[in-house]
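Dumping the structure here so I can ask a few things about it.
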C-alpha cells in the first residue's frame, strides 16, 4: 500500500522531472541557467526534508552548500582528488558541519532559525579570513580550471537531484516520514509512540545537510571560479526556502512547482527589468506569506485532493 | 589601552542596546521576528544624512523627527501586516519570511531613491551638538572636539551616541513601567491569550509597540554614520544580525535585558578589535550561538528550549 | 494489592522538585499486573507529576522507579515505551496533521508491540474510531482526540498504562463505556494507574486508591474507606475551598 505510493511518485514525478532536465540542454543553449534550475530544485527539496517533515526552518541552509563547495575545492586543490572523489569530500564537509551544529536542534522555532543563520555567517567569516589563505585562499576565491567539465558536473547534479527526490518520496510513503511528522506535531506524544526523537531528527538534519553539501560540491565543479560570498550568499537559503514554501512543503510536487514558477519569474524580471527585481521579489515574498502561507498545493489540498 | 577599550566598549554597548531594543520590544510583545529591523535603521541613517546634506540639520535634532515619522509609518504597517500574520498557523516562523520580504522591498526602494554609493556625515557634527548643549549651562565653556574621560580621549560622537542611547532606554523603561499603556503592554508580553481574555485591546497595544520598535531602530540609525561606518542601502542585514546577537545575549522578549546584552556585546567587540582584530567579525555569530546553546533564555530570560 | 503477585512497578521514596517547590516529596507506591490503582488528591498534590516522572518526561530528583525489579530512572521515554510502559495525556496531543489511522500506525511501527500488532484496524474498531479513521486528527472533537490518545498508547502494547484525567470532557455515557474498556484491559493482566478528579469514575474502575497531598501519600486503600479518614476529608474540603 505504502510502497505503491512510492512507485507512483517515482513514476509520475521523479522520472519525468529528471528526463526533462536531462533533455533540455540539447534544445536550450543557456546551460548555466538550466544548471541553476537543477541546483534550486535540489536545495528546495533539501529544505522540504527538514521544514516539511520536522518543522525546523534552516535559515542558514547555505552554510552546508558553501561547506560542500569548499570541501570539493580543497580536495581538488590540496589532495589532487579527481572530481568524483572530491564530491565525496563535499558531502563529508557538509555532514561534519551538520554534526557540529546538531546541538542547534535543541532550540525551538525562531531560535533555531536565527542560530542556524548565525552559524552559516560564522562559517563564511572563517573561510574568507585572510589568515587561512593557505588552506581556503581566504577572500581571494577559488579557481578550479584543472577539473572544468560542465557536462559531467551537470550529469552529477541531476543524479543528486534524483536521489533527493527519491528520498522525499520515501519520506512521504514510509513510517519514518510519519515519525518525523509526528515529532513535528508533538514531541512528547511522539516519544510516547516509541519514536527515538533525537535520532530521527538527527537523520533528517544530516540528510538535509548532505543534500546541500553535494549540491555545493557540484556547483563548485560546474562554475569552477568563485568567491566565498558566491557560495555562502544568503540568497541560496532564502530562495530555497521561499521556493519550497511557495509550492507547499511536505509534498514532493510543491517545491518543484515553486522553483519552476518563482525561479522562472525571477529570471524573467532579471532580464527585462533588473532595477526593479529586488522590489518585485520582496513584494512577491510578502504576498506569499500573507495570502498563501501553506503554499500553492494547499489550494488543492483544501479541496480534498491528495497532492503527491 | 585596556581602560580605553573597556570604556569605548561601554559607549558602544549602550549604542548597541539602542540598536537591539526595538527588535526585542517587537519580539517580546508579538512573538514575531522583524527581520527588516536593520532596514528601518538604515532609513533613519539616510534621514539624518539628507537633512544634514540639504540644510545642515544637526543629527541630534533629527531624533524627535525620526521618532514621530517612524511611529507614523509603523502604525499602518502593523495593521497591514501583523494581524494577518498572527492568524496563521506558525506566525513566529512565517514572520521571518514575511519581514525578509519587507526588508528586500525597503532595500530596493532605498537603492532606487538614494543610489547605491556609500554616504557619511562628518563626525564633528555630534561634537558641536554636545558642546552646544553643555554651554547652555551658565559657566560652562566646552569646545566641540574629542571628549576627555578618565584621562583618555574619545570621539565626541561616541559619547553623544552613548548618552542618547541611555536616554532612549530610560524612556522605554518609563513607558513600560510608569504608564497605563506600558502596563498593558507588559500584560500582553506575559501572556497574549490571557491579556485578550481580560479585555485588553491587544492589537492596539501591539501596534503601538511595533511602531515604537521601528522608531527606535530609526533613532539608532541617526547615529549609524558615526558608530557603524558609512551608510548604504544594503547595511540593514548586518545591523539586523548585530541586533539579534545583542538581544539574544541579553534576553529575547525582555526589552530591558537588551542593555546587558548590548554592553557585553560592545565590550567584547572592542576587546576583539583591540587584541584580535582579524577575527573580530566572527564575534557576533559565535557569541549568539554560544549563548543560545549554553543559556538559551539569554542571561535574564525565560526558558525556550525543548527536549 | 494482592500479595501473591509480584509488583510490576514499584516507586520508592520519589522526590521531584520544581525550583523550591516539592511536587513529589517521598512518594512510595506499587502496582501488580491486572490491578487498577487510582491516584486522587487536590490540584497540585503531585498526581500528574508522578505520571510524568514514571513515563520519563522529567527526571526524578531522588528515589527510584523499578519496573519488573529493574531501575528505570533516567531511561528515555521511547525506551520505556519499548519496555512496556505507556500513558495518555491530560490534554491529548495527537499528531494533528496526520489522519487518525496514521496516528495509530506510527505508534504501531515504532512501539514494538510484544504480540507483533501490525494493523490499526482492531484498535480503531475497539475505540469507536473507524468512522473517522481517514480524517485528520485536527478535525476531531476533544472526546475523539482523547480516544485517539488512548489508542496511540495501546498500539504499543503496554503492560503498564498511565491514564491522566481521561474523564474530563466526556459525557456520562462515554465515561461509563471507557471505564468498561479500562476494566477489560485490566483483565488482560495490564496494570493501570488512573489519575482522576471524578470520584464516580474512580469508584467504577479502581481496585484501590492512593490519596496524595503535597507530594505525599496520606491514605492507601479502598475509596469507600478513604472517605471516612478525617485527614482525607480535610484535604478535600481544603481543596474545595481553594477551588
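Labels A, B and C are assigned to the chains in the order they are written; within every chain, residues are numbered from 1.
One rule holds for everything that comes next: a residue touches a chain if its C-beta (ideal position, glycine included) is under 8 Å from a C-beta of that chain, and two chains touch if they have at least 3 such contacts.
Here the structure is a predicted model, which is why all the values come from computation and not from measurement.
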item: Chain of greatest Cα-centre distance to chain A; value: C
item: Identifier of the chain whose CA centre is least distant from the whole-structure CA centre; value: A
item: Interface ranked first by C-beta contact pairs; value: A-B
item: Between chain B and chain C, centroid-to-centroid distance (C-alpha), Å; value: 50
item: Intercentroid distance (Cα basis), chain C paired with chain A, Å; value: 43
item: Geometric centre distance via CA averages, chain B-chain A, whole Å; value: 33
item: In chain B, residues with contacts to at least two other chains; value: none
item: For chain A, residues that touch 2 or more chains besides their own; value: 197
item: Sites on chain C touched by chain A in the complex; value: 55-57, 76-78, 81-82, 86-87, 89, 93-98, 102-103, 105-107, 109-112, 149, 152-153, 155-156
item: Complex interface listing, chain B residues touching chain A; value: 33, 81, 84-85, 88-90, 92-98, 100-109, 111-112, 237, 241, 244-245, 248, 252, 278-279, 281-282, 284-286, 288-289, 292-293, 296, 304-307
item: For the chain A and chain C complex, residues of the former touching the latter; value: 175, 178-179, 181-182, 184-186, 188-197, 250
item: Residue ranges of chain A in contact with chain B within the complex; value: 55, 57, 59, 103-104, 106-111, 113-115, 117-119, 121-122, 125-126, 129-131, 187, 197-198, 234, 238, 241-242, 245, 275-279, 281-286, 288-290, 293-294
